Amino acid sequence: MRYYEKNNSIKGDTEDIRQILVIGGGLGGIRTALDIAETGRNVTLIDKAQAIGGLMTQLDRTFPTNNCDLCTVAPTLSASGRELHIDIMPLTQLQSLEGEAGNFAAEIETAPRYIDIDRCTSCGVCAEKYPECVVFKPGLDPRAPTCMRYPQATPFAFAIDMDKCTDVDGLVNACPAMAIIPDDKPKTTTIQADSIVLAPGAELFDYSLLDNYGNGILKNVVSGMEYERIMSASGPTNGLLQRPSDGSQPKKVAWIQCVGSRDINRVDSPYCSSVCCMYALKEAIVTKERFQDDIEATIYYMDMRTFGKDYELYLNRAQNDYNVKLVASRPHSIEVAPGTDDLVLLYTTDEGNMEREEFDMVVLSTGFKIPADLIALAEKLGVELDQNNFAKTSTFDPVATSKNGIYVCGLFESPKDIPETITQASAAACRACEGVGRFVQQNTADELPMERDVRNEDAKIGVFICDCGENIGGVLDVEEIAKYAAGLPGVALAEVVGHGCSSESMERIESRITSEKLNRVVIGGCSPRTHEAKFQDTLRKAGINKHLVDMANLRDQNTWVHVNQPEAAAVKAKEQIRMSINNVVNARPLADFTLPVNKDVLVVGGGVSGMTSAISLADQGFKVFLLEIADKLGGIAAQVRRTIEGDDATAFVESLVKKTMGHENIQVLTRAVVVDHAGMPGMFNTGIQFGPRMQYRSIKHGATILATGALPNKPAEYLLGEHKAVTTQLDFDSVLEDAPESIKELDNFVMVQCVGSRTAENPNCSRVCCLSAIKNALNILDLNPEARVFILYRDIRTYGLYEDYYSEARKRGVIFARYNPETPPRVNASGDIIEVTYKDQIFGRELVIEADRLILSTGLIADDESTEDLARIFHLPRTGDGYFLEDHIKLRPLDLPVKGFFVAGTAHAPKNIGECVTQAQAAAGRAKTLLAKDSISLDGAVAKVNNNTCAACLICVRACPFNVPFINADGYSEIDPAKCHGCGTCASECPAKAIQLMRFEDDQILAELEALLEVIA
Amino acid sequence: MEKSNNTFEPVVVAFCCHYCAYTAADMAGSQRIAYPANVKIVRVPCSGKVDAIHLMKALEKGADGVYVAGCLEGDCHFNTGNIAASRKVTKVKILLDEIGIGSERIEMFLMSAGMGRRFAEVATEFTEKIRNLGPNPVKAAADKAVG
Amino acid sequence: MKTQSVLEKVLKSGNLAVTSECGPPRGTSAAAVREKAELLRGYCDGINVTDNQTAMVRMSSLAACILIRQMGLHSILQMTTRDKNRLALQSDILGAYAHEIDTVLCLSGDHPKFGDHPMASNVYDLDSVQLIQTVKQMRDDGKFQGGADIADPPKMFIGAAANPFADPFELRVARLAKKVNAGVDFIQTQCIYNVDKFEQWMEAVVKRGLHKEVYIMAGITPMKTAGMAHYMKKRVPGMDVPDEVVDRMASVPKEEMAEEGIKICIETIERLKKVEGVAGFHIMAIEWEEKVPEIVKRAGLYPRPEV
Amino acid sequence: MSLKKRLSKGEFVVLAEMNPPKGVDITRLLSSARLIKGRVDGVVIPDMDVGVMRMSALGGGVLMNQLGMEAVIHVYGRDRNSMAIQGDILAAHVLGIQNLIVTTGEDMANGDHPSAKVVDELDVVGLLSAVQSLEDGADLSGIALEGSPSLLTGCAIEAYKDDASLEKELELAAKKVEAGAEFIITPPVYDLKSFDSFYAKASALKVPIIPTVFLIKSVGVARYIARNEPWAGVSDDLIKRIRQAADRENECLKIAGELAAGLREKAQGVKIVTIGWETKLPVILDYAGM
Amino acid sequence: MITAERKPMEEIVECARNFSRVLLVGCNECVTVCAAGGRKEVGLLASALRMHFMKEGKNLEIIETTLERQCDPEYIDELADSVGQVDAVLSMACGCGVQEIARRYKDKHVFPMVNTKFMGASERQGVWAERCQGCGDCVLGITGGICPIARCSKRILNGPCGGSTGGKCEISPDVDCAWQLIWDRMKSLGQEDRYEEVMGARDWRTSRDGGPRRIIREDMAL
């Protein structure tokens, strides 16, 4: 990775270099930059902070997996560090922009860091001696425990705030690396960019503006983010839950939702911030998880908006498994209980009762706000903003701003959570690359040092022990482990490296390998699943084969699970280190294989998502095979007539179909069913049967996008299908378009939400139904202003900017009445009329409406049959309710767990047309990153036959699950490394022990056992 | 492991496939679900890679219990490796009975990547089972000979 | 006339021949042999003596044959190729003939697995067809199998078994033809319960004219109980007992079962008498020899012709 | 024994269908054929099936002959005029091909040459008469041949949706038989019971009936057929059976095998169609006990 | 190939009981292919034996090795060093291999670790079936490629006997009737007419009845 703070090397030779500028280094910006870089295009990523990472790096854990964020984000960040096409410019902001799409000139200014980034070793002396001088922002107490924004910061270097520094000389002299530059100056650069992606994020709402919630003066009132910091292991309290006023552990905590969101009375933020319900639930669950019955957690909410994929399950877990209390009310004020630091919430229930309740601590779920500097940035860029200052986009081109060549993703587009940000980031990357030529790929191998041949050397093992902050260091005495390791045979050095995955540590390990001539490395740290590739790169950069490293999983499989038995953990850690050492001593260097990539793409599903992905790929010259099981393209969107924004969905779908059918790079195969599949990323082979005669065809392709969609739900409830006055929102859509006159004749319309969703059979929220209900309600009122429209709901989930439509509907007299799922509305046919009875929460009694039309919000269900079949054929996992399960629900929402497979649209989860378009572009973008390479590198960890001992018995030939081995002309078993999947079944079946699986050779496994058991036996 | 005279701490070796069981073990970690430190994990790409000889060697070297943990049936990342592993475990069980070590010291378990809790449960239950069985007779005899 | 065998004479005369069978004891009692044989005196033209039947050790077939012959009765020597190689088989034939035993039945024998010596080696130097060939060569060419001349060759009337019911059914006639080719003189068939199927077989035999080349004696075994019927149906290889026979046995009270079995027997014989190509009956009343006279009488086969 | 002899003796014949390659690499065709050599009585070679251009059936048929397997090649009038067809039939005979199936050429709209010119000079009955005429020693112009070919010629019944369309197909088939068809290939059979009722009607044609077993490869395909061709006889139970199987692919092969075995009791032969999965034919034959 | 099966552990243990150092030798030919005595089985057996004796407090030292073939003297010679270090040799080869070791190392105890079973073919992975008895005078050409000697329980050359039921042998429904197979095959080859030819009594001298057999190739023998 290169940082351009001092001398921007891009300057000077800018003429020929075409590149893309990404503004904002949060998660969205990082994902965008990575995707662009992976397609072989150059990208400059600027961020105003001193390290990239954005908001997510401050979180304690993320929902719904409750994983530690740092662990999941760190590999992404370091991946960006590894990418040669990315220039990261921290402390940098855009000054002005000239030119147009394809030829922008952006003037950027980098603020002084006052530290030479190349010299800083991040030793922390400056922060220790002159804490006030060191820049550090995140939550509550800016000084503790380290001034890094997070332990694996990229770049891993401090920054100085000279204004706050009184003893500059002292500071300069204190730095052992002599890295302080007291007269550092801002630098201005102009970079040429073909396109620009905006990923600047947003700010969290400043709750001190609210006098009813204590103006920020009440100590025990904190924001959600501050609460995250308190709970975070790397936060100011080292992860101890202490309330700010007295450091005591609270026993009763309340969360108040919609602080700075859905509010036009006190603050001008009418929109919903989309994520607060989930993060409040997460904080409550994590709190309950840690303290169980010692703490009480209550959430005060307006509507519980758990509309994302599987989020409803999370809500259920919070209530059922963790006993989190939910109260449907927005407290109007917080007061201090006299004589204490405790707090009193005052609120009104749905029934109209005034209540008060005391708490030790109150967490305000603050929403997002676009800060003034972003409004200014938009102005500089000439990008239009909406009334809430979010960047304006259109329904069917959701990541394009009003200005050609400038794209947007993440919070700046609208409030959204991490997976949606990632999705938009990939979509924006995809769009931004259009028309920007690829650069000839540099041969990275040339830049790496020659691999040292270590086969004949005696083992010189370097053992590096991570403390991973408290994660490992809190349980194990890492110094002692290192000392122990140092005494083991073959070990040349053993030392503690803090966060081993931080760039500082990686560089240290690299230099130790070179300086000490190490030939094997053991990392005592976290899981090889997530981090092995990183350390393998480090070895390779240090000039030794990447397979000569082994990781002892001291964290996930030791300290995290044996926290209560530190002694046993210590013994086990030593065993783990011994095992790793023995493994790596027996490891041998392996060469990787490269194979050409087939650049064709298979897209399964010809709805909006499938067509959008196909067109996006085809436009860039990839050949696309688009399979559709029906006899024509269109999918479920063909039934939607108009979006909530009023856009003509029918025309959009028709235009897509036309474009798809006419595209020279797209071959559409209708009535097509996938029947078999083999191969690997870059060289898949899928058999399909298609057409009226079910002819068979085998398609070779390098990547696969699944866009098989979902189905409209039609549960047999509320007289649906039995009475002609009862219809679904989807069908009613057509009535509004085709027979508007009929609406004028009718008086009462009743809509029931969550029909067939959020139930035992289909536990998830269908996401789209609240929007369709409000859309249709508004359309009814447009056609017949006299009509009375009732919407019976559980929670209205008009997330993000859709909240406007909800407000409008209320303003225009749509009657919203909440019902309890225990006592759902009842219906009774009475001639042409449906009598709808429901229990009104405000009046506290049952009301009857004589409905001329009963419109059910039935939402979507997974196309269980097709996803099940495809999941079997492609070996993909699914969620409990039948949607495809992505590789990582937060950080890899588009990639499926089988490499080379991507998901788009409602096959992933319910979503509206615009969201489908975004995801489809994103999936296309992800596919492009894979296909950008001309060859794929295959791991050397494959099975190898020893001819001398092979008895040609055929056992491997028969046992291989992939039919790879064969007896060659010489009479020995032969295994094509390009086809071998590396499972090792042949090796373990071979009766002559003639097959070894490289990287997992018998010697290595037996040596591990030896290491574990030698002391015991 | 240090042995005190009155408490027996079994040594359990768990061969875990990378894609499911090893991931489940990591999952148990990130969910902080405790299980006995007696369980030592050896990572293999697929449970099908586990050779009968690995299982035998572990016991010969003194492990008190050994298990192989692979993916759920039908879920194997490599199609059928877990089934192959089950067959091998059965074979070794028979051999162990033949030489009087006892087939119950070795077992096959199936779990998916997401089953952190199941990983911990299996680890705990198997460790308890081995604890009740007492030390591996091979090791016990060797100890006696030395002591 | 090829031999002096009474059986041959009866068959040649065009009369329906009758043979029966007795199993030697699992001990040394000559009296037991004589007792059984005595029951049959006058009711049959030859008494088969089984050779370690069902692979259970019994008194040797040859010895029992001699005992019976000494009673003035005509014994038929059953020989299986399971237990003896060609030397032993040929020498037994010489010995038998020396004791005026002039009829032999060539069999392959049940597999030892079924008997009381499942661990025994089975010889099978020859199979039944090859034994037929061997005996014929001894008789007609006066030569041993090895080629040497025999002084006073044994003039044996050569029989073999046929199972019209075993699989593959289409081969059953062909295999009979094979035995005819090898030189067999008469055939005793497997017990017949499925008369339809037997008739079908016989029809094919007649069609090929084999009944003109070999005398075919239909095998008859009376059933004592329903249990036996059931056992034969399920357990005895190559046995074809139709359901209606089993049901018929089961339909009568226990004490009448024996009589019912004999009735079936007699009805079968009556029916078979009308079948073209049937030259006689081989009545195997296993461990129930005392019933043979009754069956012979009631089937109208008594008295036996003088030849 | 030749196919003709077997059929004339009333013996059950097993046919397998194999498409020639789209290209000249015949490795896969040959290796698939070798797998079932000695296990089938004939290999049916379609001629540019479903309008997809491939190596011609004649070429594929000759390759089968070289392997020592009996070929049955498709002939129809979509792509060739009466001259070309007659010439090919003479060539086929000379090259050792003994069997033909005269079919209806399929619509090219779904193929890979949708704009190719359709000839259709001879229809099925016309073609059958042409074959008959050649066998009798004269071409369609009545000119005597120097040596006449001798071929076993069959025809096919197209898929029918209901009794009415079946009646029509049967009438047509009667004409085909009259014109010289010596056996009849039926549309795919997915259900033995419904085959019985079909067979009851079709046996009136007095020529051997050879039903088609079409390998359903996945539950998706089964569902697809059930949905789009409800008359074909793919039942919910069948779909359920595949879906519940631990190894779905194997279950599909088993189902095809069982169907073939079941048809052994009912018809004069079976034609197994695996389109694309020819390497799995041995497994199907194993399940069929053939 | 020659097939074999490991002997019961009990018997193996008794062979090794009286020794403290043994050589365990596998063979990389037939017994490897039938998974009875290759490198892998050597490793497993060695481990099992060691464990068994350790349990009894005895330390059995085992040298493990596997020869390319145990039925050739040159390969057997390779063992000289290791044989010198041990009290007994445990062979996992077929009977041929065991005898060759015994012949070469006259002063050492040699024990077979496998039971040599038959010459067979693998029907599928893990299943081997007898196909040949090495009778020395092959009749497969006239029996449709199916051997009545190896595959008929009674070795009948003019079968089937009367015990054939549903295509299965009288001894077990799991055993195919060889003559049914022969007949089916003859039929499919159109050779039904040949069935009725009587196959005469055989000359068993070509089989083991003629005493231990040898093949001498004058053109090759040095």
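Letters are used for the chains, namely A, B, C, D and E, taken in the order the chains are written, and counting of residues starts over at 1 for each.
Convention: a contact is a pair of C-beta atoms (placed from the backbone, for glycine too) under 8 Å apart; a residue touches a chain by one contact, two chains touch by 3 or more.
Computed from a predicted structure; not experimentally measured.
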Given chain B and chain C, the chains that contact each of them: E
Maximum centroid distance from chain E, chain identifier (CA atoms): A
By mean Cα position, the chain sitting nearest the middle: B
Top chain pair, ranked by how many C-beta pairs fall in contact: A-B
Label of the chain whose CA centroid is most distant from the centroid of chain C: A
Computed distance of Cα centres, chain C from chain A, in Å: 88
Length of the line joining the C-alpha centres of chain A and chain B, rounded to whole Å: 35
Rounded Å distance, chain B centre to chain D centre (Cα mean): 56
Euclidean distance of C-alpha centroids - chain A vs chain E, Å: 61
Multi-partner residues of chain B (at least 2 other chains): 51-53, 57, 142
Chain E residues counted as touching two or more neighbouring chains: 40, 43
Residue numbers of chain C (touch at least two other chains): none
Residue numbers on chain A that touch chain E, as the complex places them: 949, 951-955, 958-959, 990-994
Contacting residues of chain B [partner chain E, same complex]: 51-53, 56-57, 59-60, 95, 98-101, 137-138, 141-142, 144-145
Chain A partner contacts - residues on chain D that touch it in the complex: 49-50, 52, 106, 110, 214, 217-221, 223-225, 228, 243, 248-249, 275-277
Touching residues (chain side chain E, partner chain B) in the complex: 8-10, 13, 40, 43-44, 47-52, 54-57
Parts of chain C lying in touch with chain E, wherever the complex brings them together: 82, 86, 108-111, 113-114, 122, 124-130, 133-134, 145, 161-163, 166-168, 171, 174-175, 177-178, 181-182, 190, 237-238
